[in-house]
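Below, each structure is written out as structure tokens.
In the two complexes below, chain A is the common chain; its partner is chain B in one and chain C in the other.
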Partner chain A sequence: MAIELKNVTRQVGADTHIYETNLSFDKGGFNVLLGTTLSGKTTLLRLMAGLERPSSGEVWFDGKDVTGVPVQRRGVSMVYQQFINYPNFTVFDNIASPLRVAGISHGQISQRVEKISELLKLTPLLERLPSELSGGQQQRTALARALVKNAPLVLLDEPLANLDYKLREELRDELPRLFMDTGATVVYATSEPLEALMLGGYTATLHQGRVTQYGPTPTIYRKPNNLLSARVFSAPPINTATIQKEGGTFRLTDSATWPAPDALRQLKNGPYTIGIRPHHISVESHAAGAVSINGIVQIAEISGSESIIHFHIEDNSWISECRGIHPYKVGESARLYLDVSRCFYFNPDGELIAHPGAADG
Partner chain B sequence: MKNAKLLVTLLYILFLMLPIYWLLNMSFKTTNEILGTFSLWPMNFTLDNYIKIFTDPTWYNGYLNSITYVVINTVISVTVALPAAYAFSRYRFLGDKHLFFWLLTNRMAPPAVFALPFFQLYSATGLFDTHIAVALAHCLFNIPLAVWILEGFMSGVPKELDETAYLDGYSFWRFFVKIFIPTIAAGIGVAAFFCFMYSWVELLLAKTLTSVAAKPIAATMTRTASTAGYELGLLAAAGALTIIPGAFVIYFVRNYIAKGFALGRV
Partner chain C sequence: MNKTANSKAWLFVIPMVVLVAFNALIPLMTVVNYSVQETFGDNVFFWEGMKWFEQVLRSDRFHESFLRQFAFTGMILLIEIPLGILVALSMPRKGPWVSVCLVLMALPLLIPWNVVGAMWNIFALPDTGLLGRMINGLGIHYNFTQGPVAAWATTVVMDVWHWTSLVVLLAYAGLCSIPEAYYQAAKIDGASAWAVFRHIQLPKMKRVLTIAILLRFMDSFMIYTEPFVLTGGGPGNTTTFLSIDLVKIALGQFDLGPAAAMSLIYFLIVLLVCWIFYTLMMRGEAK
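Right, the complex of A and B next:
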């Protein structure tokens, strides 16, 4: 285990930022902390870095308790969402600074800085000051500084959030590769489910200061243990509604009912919650056994070849993401098809009881 | 319309510059000409007034005294204000906001209030009529001012910069000196300028706390009559010279001051 949080909590005044948390990340692994703003991602990173002390519990690193060890002696690198570089240092000096503090010889410093700047395409910019760089270049410099010292633990706090779309895609592809080679344990905080899926590795979903689930990223997406994890790990948000089980059928509305899948036949009658991702609701009936529902359109957005339709069905506001261009008017009634074979079923406590087969994407 | 704009601007500048021009005008005249005739420019142009100031120790020592205590004061104020401002900008502690405001209230009382206690205190401790006495007295309003200005500039630097430095292995002092101070160099420039300026123009405390050895130029200048009667030309020349250091300093920090205004701290 590279880094372990043991029964860690963090309170600031009367607010609890982190409820009792146990997490352990494997050495050399790529880990994603996924959660909305204020879910505690940054606080967890800061606890791991040693920038904040846990109110209770311990932080272990490499088999040693490092709870009270000052930041300087932790051997941690961190990259922030804001582009943080030393404004009075050139790019070269910025990248070299952790090595200089560590007392490494001049020759070795320039060798390592050159190698890293090659990797991050900063070589022509080494003599510039951070203020003379674009946002992407500034963040590359910060990443280079985090990489150059070969820290065993690298913490990335939404490093791509302030970059424009194209740069973000570019860096997102490079990031896991960059860190893979160093053998460092990487913890990457993000609020975007898509980013987590693309980065792969392991994911911990966070909700209001609690870790709701931890496991391999695709597994959490396919099989969220509970409603909270499913909500965190879905963009656009997963649609949820309370349904009634009556004998062998589930009832969403009077007209939308479907037979219970084999696995759920034996369930008690009563209320359950379903979750269905927006791309499994369509205006066209593709899947066999799709349930049709009537929704009142709130907004219909068209993004290139896809339509995102926000609609109300009874008291629930739902989203459908479907192929093709469907210019509905506001307030219009629309017939939508629910692919119930792709539903997640949760019991009234929010725990998963059935999920779609592994074939689901 | 365009001409009207130009006219207004010119009138405004003329209005502002008139007293300064009149001071310069007088400094190149003899006292007799100043008292005797009204002339827009010197009829008998003379540099005697300036020569007298640069050769007579009672005059040029005034400048030296003023510059000495102003520089001491600026150095003390900025040095003391740097860690204080850092604490106010980075840490939350009991009563921090009240303390910060209380600092500012020191600027609200007229210096005259402090003249008597300072006079007594410095006399009793043997500091009367020394440069350090005036420099310390001026700290009363310059340190709060410097803290206030520097805190603004420091709060503009994200605390993540500090943390990144610690993560890179910097100790606090190494970070503070090597990274933080250069980062807020503009703020230090502005703070130093204002300390310099307030100390340079302050007359009452400087005059009260000195007699001969540390007598400031402003005190020398304000004695309008001497044994030789009115010396208006000489006083005008002294006044003109007194403007120079301020103008000189403001030239160097003019860009930083704009930044300070943008932060709302100047």
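Right, the complex of A and C next:
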């Protein structure tokens, strides 16, 4: 285990930022912390770095308790959402700065800086000041500073959030590769589910200061243990509603009922919650056994070849993401099809009881 | 783009033109008028050309008050800028004390110049003033109405008291705009407090500090009321700065020609220094 949080909590005044948390990340692994703003991602990163001390519990690193060890002796590097570089240093001096503080010889510094700047395509910019760089170049410089140290733990706090779309995609592809060779344990905080999926590795989903689930990223997406993880890990947000089980059928509305899957036949009658991702609701009936529902359209957005339709079904606001261009008017009634074979079922406590794939066998 | 003729637009410009004319152009032209002529009253004028300018520029009196002025401005800049930064650095960044500190800092700025002068005059009088008596009580001979050193020290301290707050407030605003992440990044690097100041705080404050220096330069270069009330320019001429000297020539001796010429020279110096500052600032921006 590279980094381990044991029963860690963090309180500031009367506010609890982190409830009791246990997390351990493998050495050399790529880990994603996924959660909305204020879910505690940054606090967790700061606790791992040693910038904050846990109110209770311990932080272990490489088999040693480092709870009270100050940050500069931890072997950590960190990249932030803002582009943090020394404003009056050139790119070269910025990248070299952690090495200079560490007292590394002059020759070795230039060797290491050159190697890293080549990797990050900064070589032609080494003599420039941060204010003469674009946002993407500034963030590359900050990444280079984090990499050049060869720190065993690299913490990235939404490093791509302030970049424009194209640069973000480009760097997102490069990032896991850059860190793979260094053998460093990487923790990457993000609020974007798609980013987590693309980065791969392992993901911990966070909700209001609690880790709701931790595991391989695709597994969490396919099989969220509970409603909270499912909500955190879905963009656009997952649609949820309370349904009633009555004998062998589930009932969403009076007109929308479907037979319970085999695995759920034995469940008690009563209320359950379903979750269904927006792309499993369509205006066209593709899947066999799709259930038709009536929605009142609130907004219909068109993005190239897809339509995103926000609609009300009874008291729930739902979203459908479907292929094709479907220009609905606001307030119009729309017939939509629910692919119930792709539904997640949760019990009244919000725990997963069936997910697609499992129900199909 | 095509320019469209719009004669109505002039209507909107006229009020401003009138205001600027009465506020700046007409008084300035009156001064120009005086500076090239001689008058003995009764609105009779004789053309003198550049005579007054030559006279002012050659006079020892002008050189002396000019040097005094530069010495004073340099001195207060050297004290107020570092002191202001130091105070701003030690002010709390959050919590209930922020507003207390800000209000305390703003207080001296709210006091009118002549009140500041009168306050320090009473405060520093050697026989009745609290400060004057205290210093003399310590065994140091201090009398700002007689000793040139004491007069200078009192004037400088008075200006520092009155205006350091402005530098503090500007520097504080600059410090507050630095994202917390910079300090964290420096901490992770293991950078010392001096390195944080030298390589993060100072460069990030550069812009506001340039403005602070510019404002303090202009204000102190034109200082009049405070030293006039405190020392009246004395003892002798030792605290007679440019504007005090100017008023003495214009209203004391009623030498309108030389006074007007001196006004214009004075104005051009301030303009020149501000232009240099502005150019340097803009060059920094463009980089």
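FYI, the second predicted complex is superposed on the first by the 357 of 361 C-alpha atoms of A that agree within 3 Å, B and C clash if a C-alpha of one lies under 4 Å from a C-alpha of the other, contacts with A are read in each partner's own complex, and residues count from 1 in each chain.
The definition used in the following text is that contacts are C-beta pairs under 8 Å (C-beta built on N, C-alpha and C of every residue); 3 or more make two chains touch, one makes a residue touch a chain.
In this text, all values refer to a predicted model and were calculated from it rather than measured experimentally.
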item	value
Side-by-side fit of chain B and chain C on chain A, or clash	clash
Which of chain B and chain C A:V101 touches, first, second, both or neither	both
Partner chain in contact with A:S292 - chain B first, chain C second, else both or neither	neither
Touched partner set for A:L129, first chain B, second chain C, both or neither	second
Which superposed partner A:M78 touches (first chain B, second chain C, both, neither)	both
Touching partner for A:Q111 - first (chain B), second (chain C), both, neither	neither
Which superposed partner A:S56 touches (first chain B, second chain C, both, neither)	neither
On chain A, positions contacted by chain B and by chain C	49, 51, 71-72, 76-78, 80, 82, 84, 86-89, 97-98, 101-102
Complex interface listing, chain A residues touching chain C	46, 49, 51, 71-73, 76-78, 80-82, 84, 86-89, 97-98, 101-102, 129, 131-132
Contact footprint of chain A on chain B as seen in their complex	158, 160-161, 163-171, 174, 179, 182-183, 185
Chain A-touching residues of chain C, taken from the complex the two chains share	179, 181-182, 184-185, 187-191, 199-200, 202-204, 287
Touching residues (chain side chain A, partner chain B) in the complex	49, 51, 70-72, 74, 76-78, 80, 82, 84, 86-89, 97-98, 101-102, 142, 145, 149
